[in-house]
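Before any comments, here is the structure.
Chain nomenclature is as follows: A, B and C, assigned in order of appearance, with residue numbering initiated at 1 for each chain independently.
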Amino acid sequence: MSAIKINKLTKTFGGITAISNIDMDIDRGTIAGLIGPNGAGKTTLFNLLTGMYTPSSGDISYKDKNIKKLKPYKITDYGISRTFQNIRLFKNMTVLDNVSLAFNHNIDCNIFSAIFRLPSYYKEEERIHDSSLKLLEIFNLEDKKDELAKNLPYGEQRRLEIARALAADPDLLLLDEPAAGMNPNETKELTELIKWIRDKFKLTIILIEHDMSLVMGICDKIYVLDYGTLIAEGTPDEVQNNERVIEAYLGRKVSC
Amino acid sequence: MGKLLQQLVNGITLGSIYALIALGYTMVYGIINLINFAHGDIFMLGAYIGFALTTFLNMSFIPALVISMLSCAIIGVVIEKVAYKPIRNSSRIAALITAISVSLFIEYVMMYFVSAETRTFPDVLAGKKINILNGRVILNSKDIYIIIITILLMIMLQYIIHNTKIGKAMRAVSLDSEAAQLMGINVDKTISYTFAIGSALAGAAGVLVGVYYNSIDPLMGMVPGLKAFIAAVIGGIGIIPGAMFGGIFLGLTETMVSAYGNSLYKDAVAFAILIIVLIIKPNGLFGTTAREKV
Amino acid sequence: MKWFNKKNIKMIILVLGTYAISEILIKANIIDSYIEMNLVIIGINIILAVSLNLITGFTGQFSLGHAGFMAIGAYVSAIATAKLGLPFIAAILLAAVSAAFVGLLIGIPTLRLKGDYLAIATLGFSEIIRNILLNIEYVGGASGFNDIPQYTTWTWIYFMVVITVTVIKNFVNSYAGRACIAIREDEIAAEAMGVNTTLYKVLSFIIGAFFAGIAGALYANYFYFIKPDAFGFMKSIDILVIVVFGGMGSIKGSIVGAFLLSLISLLLQSVPEIRMILYSLILFTIMVYRPQGILGDYESSVKLFKRGGKLNVGNQNK
């Protein structure tokens, strides 16, 4: 069953073609890897999927809906959430608030109940508070809940970003280089964490990564991008032995 | 037909003034991303210096103009060093607030010392009436002077920008300051030069306005300053030909609105144009569209 | 009633108690009409500062046109009371709603603008409003609108301040406030996390304008004479100085800032140039040495005002 289907997706910026004729069909509940040299267009693809860019041509079909013209917050409403390559936390908000914020679009009260402090406001605040804390516990961040996000060490910031993305209640989670800057131990923990959240939250995950141990370790299927086009797709084994892929990476070693 | 030509000349004259001031705005924004709110006040200072030179030292027009320009250049450099350098690594909002504070400071220090009343500029540039087209268009020689001086200054500016080392440095720094530094360009000095040139042009505009309209006051920089900023935005802020174009365009538009529409609304029209440009093409008519990387 | 807790009861008693005391002092003429006038000015400034803080300090939308909203409120209230003979409560509501509507009109087209471009656009809108008012004979044009019934009492001021602070405080300390602050911190990330940034940016303009309109109405019906030039760029700067001085993103800061700066204005009213020079020095000093103002959050102010050391030179930082 398809989680998200991309059909001949193309994106040009002025004279530059960032993405060209991409076809992808990702099954529900799988973890798909998106790899390729820097500048291949991976983050651009994420930006297209989340509505930050509008495709120049092509379609994106999610839950039987064509989402290519929707605004980002609407797409989040439909169940797609993401993390960012360069960590975009709300630096001067607390850890707890960062996560709570993502619950906003599912809130069941309005501005008036907030201003006049009606019962529905308190009920929702409590629900959000408890749900946020539960998520923080999963990511081992609950004792830092009142800390400002900018004061967290790098690894915890990355975890917080994932926690925040999950608070948005997605069915499809896009992770943009979640292991960047992590040491092998942290990466191993992250690998287990990703598998675990996929199972617990019943997610489909698309993962951009350069760390091949992570990619080959948990991905069910891998897509390889180079200069904006899809040059290979398949299981980790298939992709590792693909000549075009090896060429694109200039003989980059893949460790198992 | 005669009236139209008359208004065209008026518009170009007014537009020349706006263009001279707008050039300073655009050069400074291009190089340090700052809307120099105090720029209009340098224009005012130029007028007062010209006033002082012609009234108290009995100088004639050209020397007064030149000395006023030089003084404004120095003042501009001083302002940059004292007020803008400390906030160079701050956000644009902070820079804007700082610029506003500098503007207020200059205006009210002047108010305190010279009082708010308007002064009359001595008639150093004799206004002669020139009849052309059988008297249907009456030009004032002051118009000609302003337009010619503006053209001369712009030619000089273009020469500096494109044919001198410092001009090249200015262009380099406004494109990529770090790369410019790596190429051995002294960024601080380049910024100072930019302020100096921009302020000199504003000072010239001040003297010309004093000569043309004959009256000056401490707050005279506010509205022309804002209008010149609008002109710079119209052409594309940071783009020098854009400032020239924007200035003339705004001058013509304002004159036409005054002559054929309702002169009471000319300010509102200028601001309306600003908002429309900011919304439709924020980088101006000559600008390119920038994009934030996600 | 969840809000009926100990902390809020103490606050209610404090607010009512202070009011009672102030009324007694006024009746006993210990607070004479001169002091009362200054308290009125402080009250109006608090409403203006807190409402601007919502737009600029909390949501990060830099607005230099707040005086425009005040102007709308003042003139609508003046028309409603002087020309239409409406009761004050109706006039205030009309004023607030009109100003809020203009806030909506200004908030929508300026959505895509950022930082200093947004500031200049809001300044432009405010100047357009002033320019239009100067040319409407019905409200007196440049000579101003005179003989506005003096309905504003200390009671009105006091409770309007209380309402303004309570409403904005409740808004900010709720999920909506979190959305606004998130927009200020990182608009792209906020949008990605499901925040309808358009809605919240426009909403903050609407609410901010609403209360500025109330301030305008209170002003018009106290000083019984208004003219368009009182609501120009200088007025917007005055309010901005209070917000920056008190601390962007701090409601307490706006209240304290309004007090202190109104006092400074009062002391310097015989030398208005010195007052403006002092204002300019205050602004400058804060920007360079203490961007968080008196009570602001250092961290959020640094974010708003500094760029973490990256040199703001050249086009690449646009």
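Just so it is clear, contacts are C-beta pairs under 8 Å (C-beta built on N, C-alpha and C of every residue); 3 or more make two chains touch, one makes a residue touch a chain.
Note that the structure is predicted; figures quoted are calculated from it, not measured.
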| item | value |
| --- | --- |
| Farthest chain (mean CA position) relative to subunit B | A |
| Identity of the most central chain, Cα criterion | C |
| Whole-Å gap separating subunit A and subunit B, where each centre is the average of the chain's CA atoms | 49 |
| Intercentroid distance (Cα basis), subunit C paired with subunit B, Å | 32 |
| Distance between chain centroids, defined by C-alpha means - subunit A, subunit C (Å) | 40 |
| Residues within subunit C bordering two or more other chains | 188 |
| Junction residues of subunit B, two or more chains touched | 294 |
| For subunit A, residues that touch 2 or more chains besides their own | 52, 84 |
| Touching residues on subunit C, where the partner in the complex is subunit B | 62, 109-110, 112-113, 115-117, 119-121, 123-125, 127-128, 131-132, 134-135, 188, 233, 237, 240, 244, 273-274, 276-277, 279-281, 283-284, 287-288, 291, 304-307, 309-318 |
| Residue numbers on subunit B that touch subunit C, as the complex places them | 30-35, 83, 86-98, 100-105, 107-109, 111-112, 173-178, 180, 187, 191, 222, 226, 229-230, 233, 238, 262, 264-265, 267-268, 271-272, 274-275, 278-279, 282, 290, 292, 294 |
| Residues of subunit C defined as touching subunit A within the complex | 2-3, 167, 170-171, 174-176, 178-179, 181-182, 185-186, 188-197, 203, 297, 299-300, 303 |
| Residues of subunit A that touch subunit C when the two form their complex | 50, 52, 71-73, 76-77, 81-82, 84, 88-93, 97, 100-107, 111, 114-117, 119, 121-122, 124-125, 128, 148, 150, 164-165, 167-168 |
